[in-house]
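Shown next, in structure tokens, is the structure this report addresses.
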Amino acid sequence: MSAPLLSVEHLDVVYDGTITALSDVSLTVAPGQVVAVLGSNGAGKTSLLRAVSRSLQPYGGAVTGGTITFAGQDLAGADAADVVRRGLVQVPEGRRIFRDLTVAENLRAGGYTVRDKAARAEACDRVFDLFPILAERRDQPGGLLSGGQQQMLAMGRALMASPQLLLLDEPSLGLAPLLVDQIGEIVTEINRQGTAVLLIEQNAVMGLRVAHAASVLEIGRVTASGTADELAASDDVQERYLGVAVPVVATEVVESEPAIPTAEPPQRLRVEGLTVRFGGITALSEVSFTVEPGTVHALIGPNGAGKSTLVNVLGGTYRATEGAVHYGDAELTALRPDRVAGLGVARTFQNISLALEDTVEDNLLVGRHRLMRRGLVPGMLRLPGARREEREHRETVGGIAEMLGIAHLLRTPVHTLAYGDRKRVEMGRALAARPSLLLLDEPVAGMTHGESQEMAETIRQVRRDLGLSIVLVEHDMPFVMGLAEQVTVLDFGKKIAEGTPAAVQRDPEVLRAYLGAAAA
Amino acid sequence: MSYLLEQVLNGLSYGLVLSLIAAGFAIVFTSTGVLNFAHGSIVLLGAYLVAVLHDSIGFWPAVLVGLAGAALVGVAINAVLVRNLADKKPDTAAILMLGVDIVLLTELTRRIGNQVLTLGAPWGASVVRFGDVSLPTGRVLAAGVTVVAFGALWYLFSRTDLGVGMRAAAADGPTASLMGIRLSRTAATGWALAGVLAAVAGIFLTSFPAPGVAPTVALSAFAAIPAWVLGGFDSVPGAVIGGLLIGLTSALVTGYESDLEPFLGSGFGEVAPYVVMIVVLLVRPSGLLGSKEAVRV
Amino acid sequence: MSDLPRRISGLVLLLVALALPLVMSDFWLQTGLFVMATAIGAVGLTLLVGVAGQLSLGHAAFAAIGAYVFAWSTGESTTSVSGLGLPPVLGLVLAAVVSAGVGAAFSPIAGRLRGIYLGLATLGLVFVVRHLLVNLDQWTGGFVGRSVEPFAVLGFSFSNRDPDYLAIAGVEFSGLHRLWYLFLLLAVVAIWLASNLRAGRTGRAWANVRDSETAAAAMGIGVAGAKRSAFVVSSAYAGVAGAMLALAYGRVAPDVFSLTASVDFLVMIVLGGLGSVAGAVVGAVFVTSLPLVLAQYSSALPFLAAPGSGGLDPSTAARIVYGLAIIAVLVFLRGGLAGAARRLRARLRPTPAVGQPAVAAPSRSKETTR
Amino acid sequence: MKHRLRAAATLSAAALALAACSTTAPSSSSGEGGGDDVATGNGVTDSEMTIGMLTDLSGPFAAGAAVQVTETQAYWDQVNADGGICDRDVTVDVQDHGYDPQRAVTLYRSMAPDVVALQQVLGGPTSSAVLPLAEQDSLYVGGVGWAGSALAFENNQLPGASNAIQAANAVDYMLDDLDVPEGSTIGVVYFTGDYGGDALAGAEHAAQERGVEILAQEITPATTDLSAQASALAQADVAGVVLAAAPTQFASLAGVLASQGADVPIIGMNPTFNPSLLTTPAADALLANAYSMTSISPYANPDSAGVQAANELYASADPDGALGWEVPLAYVQAELLKQALEGACEAGDLTPEGVVAAFRDSSSTDTEGLLPDGLDYSEVGQSPTTTVFVSKVSADAEAGLELLDQVSGPSAESFSYGG
């Protein structure tokens, strides 16, 4: 075996001085090899790539331990531009093409480091060979390309530097199965032409199909590694990423008095014929379902299925193009987001949206905003009423913090908290609004297995103690299986299945959406 | 009729000079996210260098020194101060530039004194006549140079690696650095370009029909702010359109002041650019050609 | 509990501010008046820009409205300018109310714009207001401005008249002394109100609108309403500050409320540390008093050339020092003066309180990202 | 609770008592000088007196102000060498307001208790901020700026004819001496503000008296290119232009008008000319058509003993200094103040009030040709004279201006403030 092209040893990465993204991660890529790194959202895959491509700094991250060696040279001290000149090029997650630049200009930017005209022309020919569509649309702005074409452009742009090692970050994200297969073939072809590839993937099927070797990353640690075939066969990987063979525990519906009564009893949520278009793209198409009062209803689907769009419509942030959403008698789709919140609909955000400089207590109090009555002037003058109100609400959020196990953090500024605690604070803020309907957008993304079990327990408890309805958006199938009474599955903006968790899990459409075309 | 034509031509030629300054604002803003409140003193600096040097080394060499000096000062401000800001935020950067402006402007004002420093431009006070309309040669030349300058900018930004790299860096810095584009270099180039454009504008603003270099020239950069804003923060073509629009507005409001005075009050020429700017922003909140993303600062 | 040292230091500061006029010369009194007036304006602006995230370069326009409303409503009609002759207390209230009203009227426009676009649109406001001040000379006195009636309550005047001579315990209380206490009262009240606002329901709503309009709306906060209330409050502060400036000058003129004045307000809050009420006050002290003090005392510096001799004269040096001071604060002090003070306090505190495991975290993150 | 109330009541009673028993001032300052029997007040001791100067050494007028500071220092040094005034040495306290009203007011506060008079407060916005305060303190203020608005202050000394008088004279001079016909149009290009506004008022008055039309164009100091204004003037076919602005605008306007073939006289008000304009491309145009109408004698005035004395003094104080109207101006301002101080000394009242009274006492002040003779400061609210100096821009004269005449036109004489 030849010397490895890329060798990562005992790597630690920390963001903002407090949040550990990677610890003790090691892996190697041999020349001409395709290596896949698998893992769910927040596992640290992107951090690994950024560490290798020396682009952590703009995101507030830093390598705090370990070494990265490329082609025999330590990369410590090199910056992003040096790394590119040495032949290591990254295709970032989400393609990140330059939308206002034409296709040709995008490619030109990719070949920025290549001074030799002939070499550049050659690279360009190679890219147009691989992606004929790019040659066809070379003078159009990148923003006009479709999602798949943008992915091709992003890869072509990276190939313009004729790298020895190509880093691909989630190339299949949000693409249709057919396109995913096509991208897989292209990766194989690029590799056949002599370029080594480090492939970061959430889609385990795609990753394991094209890779020679793979590692599984979980919460910043490598939990499994081996050849692609070995990993594909391991039970652990099957369970974690393919959602196969998980025992389904039916949720017991415990009837008990809610500890903190909701402001209003939960209502029925009816989504009818909902369609959302952005420009020419249809994000949701004719989606209908109903959430019964007091139940946990899961919305699942692969990345890019339209789940987040749906949550944003429910919360009033996005407008529906067609169709309507009713909560009880109120038509949510006709209301501003703050009015929706006023009806007792609270939500959390996929990528946490807290006031980082403020304390946990102040963040929780924001949730109480709609329930507090004292306006500007009494607050300014600290009139007795306003002081009393403030005190009472502080007590209430103290109770909520207690329930979520973050009472000891109330006086701590949020920016010093760990990721899992921030997720909890966000949940607490939503609960502080005393909702009758709670929208949870990927509540366990980036959590360890243990943490997500805890979160599941918390969600159960909340449902039981507060007697509210919960719409749970997740792409992690195993997580929702033990929690939800009803599951709606979205793919490409369409509802493809609905029913109990057990029924949905066996649905062939769902299997195809999750496991790729080959699995069905 | 020829009066109107003359005012229009006056306005357009002045507007083109303004657009040079506005383009400088836009380039610095897109390449480093800085609202450059010191741009006016860089305009003044370029003209000042030409004025003090033309006697000893001749006008054209002095122009070269002026352009280079303005560019260098811009690059140095970015490298020494902007990149070392404690909080790298747009508002802190803007205030930093105010501090720089105070220092530069005070020193230049002290050096200029109450003299009106002449530039020694070879075109002197001559005029060019088109039929019964006459325009100062300096203005005609300014229009020509500005058109050439914008042609060169267009070539740079669409036909050279550096220019494409700069646009890529402006659109998405982190991603551009993944292509091996050094953001420090594109930033420096942006500041240098803005400095050169400022110095060119400074030369035309201080040669005939203006008498020479006086500290008030620095204020002309403020006149370019409405042009920049209404064109769109991140758009060089927007700066050209904005400059022309503002130049035209000022010239017409001034030229017909006696007719407008009863409705708008006297001295409306000073306010008109800002009124136009506010109206345009109300209709198009990101300016005429600005991209939506640029709003998120 | 952690409030206690803070309260004590606040009380000490207040006592010092109460005692200072007894020992200070007219120069320092006058400087103090300007500082207190601009501090109120800066506090209002930091609520708008720092807390609610609405960049404004037009604060001086609102201050101008306050100043002129005060001058007009309390002034007497003469042959050249009109006036209402209202009691000054009422004039002060009117100044705040009218400014706030104009702020409310401007907020729908502000709602359409964001970031620097909003900042520069408000910059336009400065020019528009100035144009009006110069042209509506019936009310404003035009370019020259108009004089301002001294403040008075129940026949007690805050000037050198009524009573002509006033002394307490042998110390003469001239008009400047009387105004000092009036301004101190206004400043303390304004700071107290702003701190309450910042810490309460409205302040939290504003901060959330700043951080994420989407998240704020999802919590039931009306985004447009929050922005409007921020504009109204900040404009009212500017109005009061304007009226105080009018009193401190004894007259109003458009030049006092120029673009420079607007920008100076912004410099104050950025230097002080955005969003911090105390920072805004410190910033106002810095920005307002530094040029005055430098102008007064720079001639005592020996190494500078005589004025007009072509060398670096004291006044020029003073102005350059002012510019360099701004640069130095921004390059070396993260979070402005307030941020530096916070870090200093954290360092001086012997041990961090229990339950705050990561007090030093922010500074550490800085080092690692370098 | 009761206890606390009582304490508060006692305290406030005590405070009231303290305040009440001291609302009458202690015997007012009657610092009788040691030997002489002159009453003195602020800024005067037995051996010294201090006068103030609030000027602009770091703002837009820094360079010209520096010339005036130099000349002023030299003047008082000379006075002190000759034995001072009222047996006292005169010290000049110079402070720089940088053209910032806020600084001007604050510096005024610090200076006022220590000076007997202010020889000068430079600048429009700055002096209009300081004047009302100085009026309350009855402190003599020598103005720089000739705006009519300053005439209303009793304590203000205006050096020569006001802007309105200058502009009215300019119109008169055009009609009487420059062959501008009745019924024609005269352009007025003026700065926003009291300087320009006052000049416009004078020109409009004269236009009415003399049967000409006025075409007014307002500009700001930032307007350095007057193409648009010049086009508008040429379009209206003006027969002459009155300019109330600054040197930059003078050069630009003259240059552009010439380039458009408008061969008409341009008369600039007081501070509109600067010798360095003759190095600009507009020099030819200025030499052909430009006049300066000033309240104060131009630098080159061989017939005036006062101007010669001023120039000699300046040449010895700063041999390399810039020449210009600042030299005679600073000299005459010092001279006027000296006369007022001497008057106050003679009247036995060397207090600030005494200085103002002495200055207002003189209805016919002469300054050896620095200012027109027979200045009448006894009437508050009116220009002290209607006579102005007319000069022509000339390459041969020192400081670029050749004195033609002293004039007092009919409409200047009929102009009255507040009328």
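Going by the order they are written in, the chains are A, B, C and D; count residues from 1 in each one.
Keep this in mind: contacts are C-beta pairs under 8 Å (C-beta built on N, C-alpha and C of every residue); 3 or more make two chains touch, one makes a residue touch a chain.
Note that the structure is predicted; figures quoted are calculated from it, not measured.
Q: With respect to inter-chain C-beta contacts, which pair, A-C or A-B, contains the greater number?
A: Most contacts of the two pairs: A-C.
Q: Roughly how many whole angstrom separate the Cα centroids of chain A and chain B?
A: 44
Q: State, to the nearest whole Å, the distance from the C-alpha centre of chain C to the C-alpha centre of chain D.
A: Taking the mean C-alpha position of each chain, the two centres sit 34 Å apart.
Q: What's the distance between the Cα centroids of chain B and chain D, rounded to whole Å?
A: Using C-alpha averages as centres, the distance is 37 Å.
Q: Which residues of chain D are in contact with two or more other chains?
A: Expected reply: 58, 62-63, 192.
Q: Can you list the residues of chain A that touch 2 or more other chains?
A: Not one residue of chain A touches more than one other chain, so the list is empty.
Q: On chain B, where are the residues touching two or more other chains?
A: Touching at least two other chains: 106, 110, 222, 266-267, 270.
Q: Among all the chains shown, which pairs meet the touch rule set out at the top?
A: Touching chain pairs, listed by label, come out as A-B, A-C, B-C, B-D, C-D.
Q: Using the touch definition from the top, list the residues of chain D that touch chain B in their complex.
A: Residue list for chain D touching chain B: 58-64, 192, 215-222, 224-232, 235, 247-248, 250-252, 255-256, 258-261, 274, 276-277, 279-282, 284-285, 322, 324.
Q: In the complex, go through chain C and note every residue touching chain A.
A: Residues in contact with chain A: 193-194, 196-197, 200-205, 207-208, 211-212, 214-223, 229, 233, 353, 355-359, 361-362, 364-369.
Q: Help me check something: in the complex, which residues belonging to chain C touch chain B?
A: 49, 55, 109, 112-117, 119-121, 123-125, 127-128, 130-132, 134-135, 259, 263, 266-267, 270-271, 274, 312-313, 316, 319-320, 322-327, 330-336
Q: Within the complex, which stretch of chain B touches chain A?
A: 158, 161, 164-165, 167-168, 171-182, 291
Q: Sort out for me which residues of chain A touch chain C in the complex.
A: Result: residues 14, 16-18, 57, 60-62, 64, 315-317, 336-338, 340-342, 346-347, 349, 353-356, 358, 362, 365-367, 369-370, 372, 374-376, 379-382, 386, 390, 408-409, 411-412, 415-416, 429, 433 of chain A touch chain C.
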